[in-house]
Amino acid sequence: MSDLSTAFADGPAFVPYLAVGDPDYESSLAYVEALERGGADVVELGLPFSEPIAEGPTIQEAVVRSLEAGTTPDLFFEFVGDLEVDVPLVCMTYYNLVYQYGEERGPRPFVEKAAEVGLSGFVVPDLPAEEAGPLRAACDEFGLDLVSIVAPTTDEERLGKLVSVSSGYLYVQARLGVTGAQSSVSDRTAASLDRLSDVDLPKAVGFGISSGEQAATVVEAGADGVIVGSALVDVVGEGYRNDDPVADVADRLESLARELNAGAERGYSQRAPRPERTSE
Amino acid sequence: GKFGEYGGRYVPEALMPAIEELTDAYERYVLGNEDGFVDEFRRRLAEFGGRPTPLQRADRLSERYGTEVYLKREDLVHGGAHKLNNALGQVLLAKYMGKERIVAETGAGQHGTATAMAAAHLGMPCEVYMGERDINRQRPNVFRMRINGAAVTPVTTGRGTLKEAISETMRDWASNVEDTHYVIGSVVGPHPFPRMVRDFQAVISEEAREQIREGAGRLPDAVLACAGGGSNTMGAFHRFVPDEDVDLYAVEAGGSSLEVDERTGVAPNSASLTTGSEGVLHGSRTKLLQDGHGQIVESHSISSGLDYAGVGPELAHLVDEGRVTPVAVDDDAALAAFHRLSQEEGIIPALETAHAFGYLHEHHAGLGGVVVVNVSGRGDKDLESVVEETDARGTPNAPDMSAFGGGL
Amino acid sequence: GKFGEYGGRYVPEALMPAIEELTDAYERYVLGNEDGFVDEFRRRLAEFGGRPTPLQRADRLSERYGTEVYLKREDLVHGGAHKLNNALGQVLLAKYMGKERIVAETGAGQHGTATAMAAAHLGMPCEVYMGERDINRQRPNVFRMRINGAAVTPVTTGRGTLKEAISETMRDWASNVEDTHYVIGSVVGPHPFPRMVRDFQAVISEEAREQIREGAGRLPDAVLACAGGGSNTMGAFHRFVPDEDVDLYAVEAGGSSLEVDERTGVAPNSASLTTGSEGVLHGSRTKLLQDGHGQIVESHSISSGLDYAGVGPELAHLVDEGRVTPVAVDDDAALAAFHRLSQEEGIIPALETAHAFGYLHEHHAGLGGVVVVNVSGRGDKDLESVVEETDARGTPNAPDMSAFGGGL
Amino acid sequence: MSDLSTAFADGPAFVPYLAVGDPDYESSLAYVEALERGGADVVELGLPFSEPIAEGPTIQEAVVRSLEAGTTPDLFFEFVGDLEVDVPLVCMTYYNLVYQYGEERGPRPFVEKAAEVGLSGFVVPDLPAEEAGPLRAACDEFGLDLVSIVAPTTDEERLGKLVSVSSGYLYVQARLGVTGAQSSVSDRTAASLDRLSDVDLPKAVGFGISSGEQAATVVEAGADGVIVGSALVDVVGEGYRNDDPVADVADRLESLARELNAGAERGYSQRAPRPERTSE
């Protein structure tokens, strides 16, 4: 069992996301550490790419702040090394950065370096199962996980392909579109989870979750974890715009993380016993 | 879906089912002419689009250069550019697929106007994403799209050009993929787009190849086409690719320099075939303008339509194979060529197109006795930029515009 | 040189020898195909001009009106209007005649741009006279002419529109008649112009008559064309004139009202066929907008290209004979028709052309089962006026342009 | 012999032109009368038309001033009646005004009225010989002259046509182009006059003559008269722009007329005896 699967073993996992280097290297360290204090089970660390086609406005702005602060893949790896946290870390980025890293063409040098600094896996939103072969192979070589995103549009056939290249957990996209906080949970989430009930990987739901209540709803509906990005990035962005002290922003992040985590736990405890499918 | 090592489908999972559905539709309707799709497409291209376009001998350029210069007149296609060939094909395909909404990106606005026209013609709601900077550079095209009933949504991220518009359109598509078709404007993006757009544009070389055999009595020695994303390029080249004696020149925007400024992340050109390196952008593996880390750099060209950091994967492959020769023409030479064609042949070309004529001007001696240049579009949309840039650069062969100052 | 009592040659004696020389050249080259003139003209019209233009069935308008509506797509001719048919013919004729310089007048700028293009294409120096007011209304066309290498001379007399530009061009011609040909832009002026321009434009109805027989299986019940000077009108009608069952509608600019203000000498319309009276203007006897004393009044139309107080003598004759029905469409209806065609068919028409569609909209029920409308030109040149006028009038079916304010 | 031919019988004729009603009815009366005092043998009176295609900028401006002052054909005829001069008067106008006048279509009512008020003839610049039939017929009916313009481009064949419809005198256009003062006489004038030597009508040269010296040159070259328009209209226009008293402007007109007239006389006296053509 990989680091990532382990994180889901003991109740619902809370998986927060922040963009590394947003708005600068040092603050970003403090923010990620605050997430751990708030109860993160896994942290998704964004390595900013100039063309973030799967991101909504909130994370796009974070990407711009981070790139303007000079974040590079090497600084990203240094950052992971500098982080003082004790939860598994997943690198979320786009394939071109993975592909370009190092002297040798292809994803292997990037994965090797990721393993070296202690990352546990990857989420690459623009890498569908069909193109994931080389990265999957490198992950296998260095013992890292490749987390795939399952969309509401993913059908049975594609799901099979996806699962076959995935490990760690499945990133279940709660609704169509791009990342971004929403005020309510999509109706499609429960249906998606239901479709995935036979898959033998933890299911973490993301896209649009911004409150403890939403986290509870999602977990109650059967999610093994909740992924929260934009709601947390909003806190960073607002702190940046208001020029707030880093410690204050970190406190706010910790507190929001705590609420989200508590929501997930609450949802878990409210979960109805699953009906046996075979009884129908 | 690959051209050698280029191409592929590097898109979010949410889009993959739509891309599979599109691939299926492409194979059935476009390749298989199911339900007479190709027949209807050809008929509409003729009656609504104005095809075939002529292949015209350029008398005065032929005399000037001592070589037979022929012009493939895509500027005469409805809307003023080759873009309609593809836009009409895709909007019609979307209709066959039962889609209810069209989204598109646009750079210079030519693809956006073509898509808006095709959507109005076929009664499909249409939304076009356009970089804010391009909106300011190509305002008449914005008005044309609105007048055709399309929504035009400004994209404010990044430098506000084509690259950002594509990203934003992909986001819209990811949100509305079930009832929406994304009419991508060039031979870029995930499979099947590069192949499908090429097939829609291949009518250019299909006609030109017949026409030059009739007009000049033989195949040309060279075919020249400007290359941004590469749709007019692949359209003009496709049917000549098997003719090994026909040299194919993809003329890129050399901008102000072919050097990339790594520090600022800016390439003062859009010459991804000439100077770019392999990478993954907007759904496919291709040649890109990127920095050492893999971040896409900001491209530049005097012409909005060439101002893009990527290029079609098939072109990248044909360049690697040695079948297509990539060359670059800078802003100044393109502007001079714009005025030359306007004054000597009575054809005002798009600034994109002018790059091909800039190359012809500088290298005509080495191109052989019969040369076909693809006039990919007309330059009405560029009048304002041309007047400004001509004035700022003191372009030597330009007319004096001072008596009519004050902009358009 | 007469059409019934209309036509003739009312010009200064100084011009008469040139007019006789032109008549001789017209008879030999145009009517007699001497030295293969007609063959070269047809070839250049095809290769440079983009002919034949399609006849397109307008699916959505046909459905809306419950009648088969076909569009003759002169907007696809190089330069964006039917004007090139005539300009290319005359500049080529001037070359055959050994002339060394071209002058032309222009109203909307479409004839000026067509002439500038033809002159650049054939290597002839060209000067275009354009009213100052029209220069301001049609600025992009001024840039196009300059970019094609033509001189554009503003005319400041009178109200600065087409009427004054014609007068001024006649003055230039009278001064330089020996080496200069005056490329008149419509079926007006002294013989042989009305007949010669009609012959150059007749290609429209020649093609359309063939195309509608093929497309609809029969001749149309009605042909509609807008009428200012009348060149697209006569071009669209000529070959149908002997087909007595085909109704011919010349749609004039009704402006804001059909009444003439005798006191100020202004007709708030350009409807000389509908409301004018017989007189002599610019070289021929025809129907005119004039006051009780014979002074020519200032015409008005939202469309510069229709804004003229006279009309071709042959049209005046055909109206008197009852062969052509003159009708008028006002500014508001033309503007609404502009938006309707743009949104429903994906074709942005010239404001001139929009008048014909305004008539179709209001009177489709009485036109019969098959109607051909001549799309005389495209509307790119009109974008700025349309945005302003749409805003000022609150045109109900127009898109909201407010997000892109600030003009072009 | 008509009034007009008579005016040429006794030495070179000086034929000035002014636009009637420029800048207003009353001033214009004074100006024409000043021309007579200055030695006019015939006066050409312009009836302004809105599209004066044969006129240069000077006379175009006069036309605008006159039309704005309200000049109409009826006022023009009234003007002729009000004039207190004793020289033949020619109406110079464009054909549409001639054609539209009166109830009946065609030129007859206009000619009838002209005869009634005492005009001697017409110059109609946009009426070539080919279209002159109806006007010629009306002139014959009412005993008026129709003066034709001979251009430098007029060939022998056209000249024959022209002469056949002309009476009074021939208006010999000194150069191509439109009306307007010039600083020198066109080289083509002498050649034109030479071509016309066999025509049995007086030849008055116009287009560009603005000084006594030019008048002298033209008459010396064989002209039977000189026509001067723009140079005189310039005096009217300048007076109007400067708001000068009418009497002052009239004095200036009279004085310029005197200079032109004297020039014509001087040219006549300097004329070399014509070689006999038959001797060649």
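We just call them A, B, C and D in the order they show up, numbering each chain from 1.
As a convention for this text, contacts are C-beta pairs under 8 Å (C-beta built on N, C-alpha and C of every residue); 3 or more make two chains touch, one makes a residue touch a chain.
All of these numbers come straight from a predicted model, not from anything done at the bench.
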{"item": "Whole-Å gap between the CA centroids of chain A and chain C", "value": "65"}
{"item": "Cα-centroid distance, chain C relative to chain D, in whole angstrom", "value": "37"}
{"item": "Inter-centroid spacing, chain C versus chain B (mean Cα positions, whole Å)", "value": "34"}
{"item": "Touch-based graph of the chains, sorted into line, ring, star, complete or other", "value": "line"}
{"item": "Listing of all chain pairs that touch each other, if any do", "value": "A-B, B-C, C-D"}
{"item": "Chain A - residues contacting chain B, complex", "value": "49-56, 60, 64, 67, 72-73, 94-97, 99-101, 105, 125-131, 148-155, 158, 162, 173, 176-178"}
{"item": "Of all residues in chain C, those that touch chain D in their complex", "value": "8-18, 20, 157-158, 163, 167, 170-171, 174-178, 265, 278-283, 288, 290, 292-296"}
{"item": "Touching residues on chain B, where the partner in the complex is chain C", "value": "46-48, 50, 53-57, 59-60, 73, 75-76, 78, 80, 116-123, 135, 139-140, 142-144, 146-149, 152, 339, 342-348, 379-380, 383-384, 386-387, 399-401, 403-404, 408"}
